[in-house]
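Once you've had a glance at the structure underneath, I'll fire off some questions.
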């Protein structure tokens, strides 16, 4: 059960780096804001916060975590322990997904007191957090420092935001259902409102495929990073 | 314990191979010194032996396993101390060791004992960021023994340490050897190699020039002479005699009996000289 | 002068190599583009779907977005400091003839000036209705001062780049202070005045009332300077 040890360490480190305090603070602010807006806006604004910040926090933090370990040459030592690249990736992904889930759940319960479709909610928060953390791992492997990391992510972010064309009703098409961002948005709405079953079903499949693909690619990239192919 | 046959390695994008066919064999419980100037291929060899670089050609086996095929289990029995400390600066010595400890499934050493071994027993709860460079080196060193490894790879283990701590490190290496641990030591410090190693290998430009025990090398490349410095009429005199007929050498006995001897040395070569002689290179 | 020039060249080369210049130029452009084109679109969408009209709040929304690039400049430079600290480069620069102070001032001043200039460009390109170029100067000063405040906040309180990231998340909270000022009607809203951003929007929104405007601007500039010198003193002490 080495990955449990790895996960426990990751969570402890993130606690020490202050992640949990920061997100506690952010949760309090979000709750205050959501409590003070008129009732009609509460759910759309909540979805906005979940979609643009909390589900993405894994991407934001994982770059720094890996760059720091790279800079302190920790990755080399980890490579000569029985820990595998898979366990390393799992530790990062699960710890950050857990943090995203806790924050989302606390905010939602505090503001609404209920979640209509709790299974949709858990699924979308966990899957999209895992997807974004894995995506961050893929980007960070070739990044030299934090600014380079964020710069390199711009191109990918633009790709992920393509369904905005649909959202702004410039051009509407079913093709956008293939995007993980669109799927996440559908499932976030489906957690609170009734949505067409086919939409929800497609979103489930799409998000799952994106998540598995990202985790698989992240694991391969981390493996290559550890074995020094990027120097 | 470690066996390399025609080991070659070229970094991706380089035309010239970094290792050009190395052959060596290290037996269990041996301290094997890998010596060479920087850039000769020492680190590359070590990185291959610890399974970090995999695209080599030829064959390398550690504990009987070809390194291309190793899995995570391989590392249960391997200990590595890199040249520069790799530690979580934000965490204490104990937290660092406990973290790495949790990665092994087999029995591990007690962190407090390891720290006591390198004289850091009082720094158990000190953050690594507050450590001096030497302290970080010692913590980094003792971590290599955390999992009771059968083979340890040590890269410049005494670099940057004061003489007392360097001696402490050397003693630990001897203790480990007595316990049956095989030690692969990379260094460019000939004195360390001379003190510690059962055998040394000289690597230059990706090729091994020589493998032998320091004692044999010193005898082979030295002159079989004894040099005596003694005082005669208030002046220092120096004289050298052949070792072979020393028992029959009347002049030698005469000087010994005169009671005026100040120094007396056999003229075996030191490893620095031998390195320069055999490779035509300085060890920097 | 020659030393400063060498430093500027080294920094520019660094910026070029890290594609950071692109980031620094691109991000404000994206923000301007978003405010200029996406927000009106969003507004009409909200109106057609939920009969919500943001038009009366447009000025406020536009000022809120003007905070983002200056804060981002502070973060980008702050991350450079933290990267260098993690890799022990800043101690190396400290022993070169330029010494720590010259290096520090340059690194802090350049993005601050950039933020100052940015505000006028932003105002122009997004059609933010304002009090005119001359009266905008105090607002631009306040917005420009957010850059060194964010930068120093990260450098002073973050032990490494990971803590720097966590803190920059926390910094984002100051963006909610203007909201409190804008939507709350009781005097409790002045509690949000501990955050410098609060005074920027307040002063901007009261340009019609010269006395209130002058008062808010003065308090705003003083609060910004207070944080700046507090952080600077903390930084220089270390």
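Remarks
Letters A, B and C mark the chains in the order given here, with residues in each chain numbered from 1 onward.
The rule is simple: contacts are C-beta pairs under 8 Å (C-beta built on N, C-alpha and C of every residue); 3 or more make two chains touch, one makes a residue touch a chain.
If you're wondering where the values come from, they're calculated on a predicted model, not measured in any experiment.
Across the two interfaces under comparison, B-C and A-C, the one joined by more C-beta contacts turns out to be A-C. Using mean Cα coordinates as chain centres, the one most removed from subunit C is B. Distance between chain centres (mean CA atoms), subunit A to subunit B: 46 Å. Between subunit B and subunit C, the centres computed from C-alpha atoms are 54 Å apart. One simple way to say how far apart two chains are is to compare their mean CA positions; for subunit A and subunit C this gives 26 Å.
Multi-chain contact residues of subunit B, defined as those touching 2 or more other chains: 89-90. Multi-chain contact residues of subunit C (touching two or more other chains): 160. Chain contacts: subunit A has residues 17, 72 touching two or more partner chains. Listing the residues of subunit A that touch subunit B in their complex gives 2, 5-6, 8-9, 13, 16-17, 72-74, 76-84, 226-229.
Taken together, the subunit B residues at the contact with subunit A in this complex read 12, 47, 50-54, 72-76, 78, 80, 82, 84-91, 99-100, 102-105, 143, 147. Subunit C contributes residues 18-20, 22-23, 26, 38, 41-42, 45, 50, 76, 79-80, 82-83, 86-87, 160-167, 169-170, 172-173, 176, 179, 183 to its touches with subunit A in the complex.
Within the complex, the subunit B residues that touch subunit C are 89-90, 129. The part of subunit C that touches subunit B in the complex is made up of residues 159-160.
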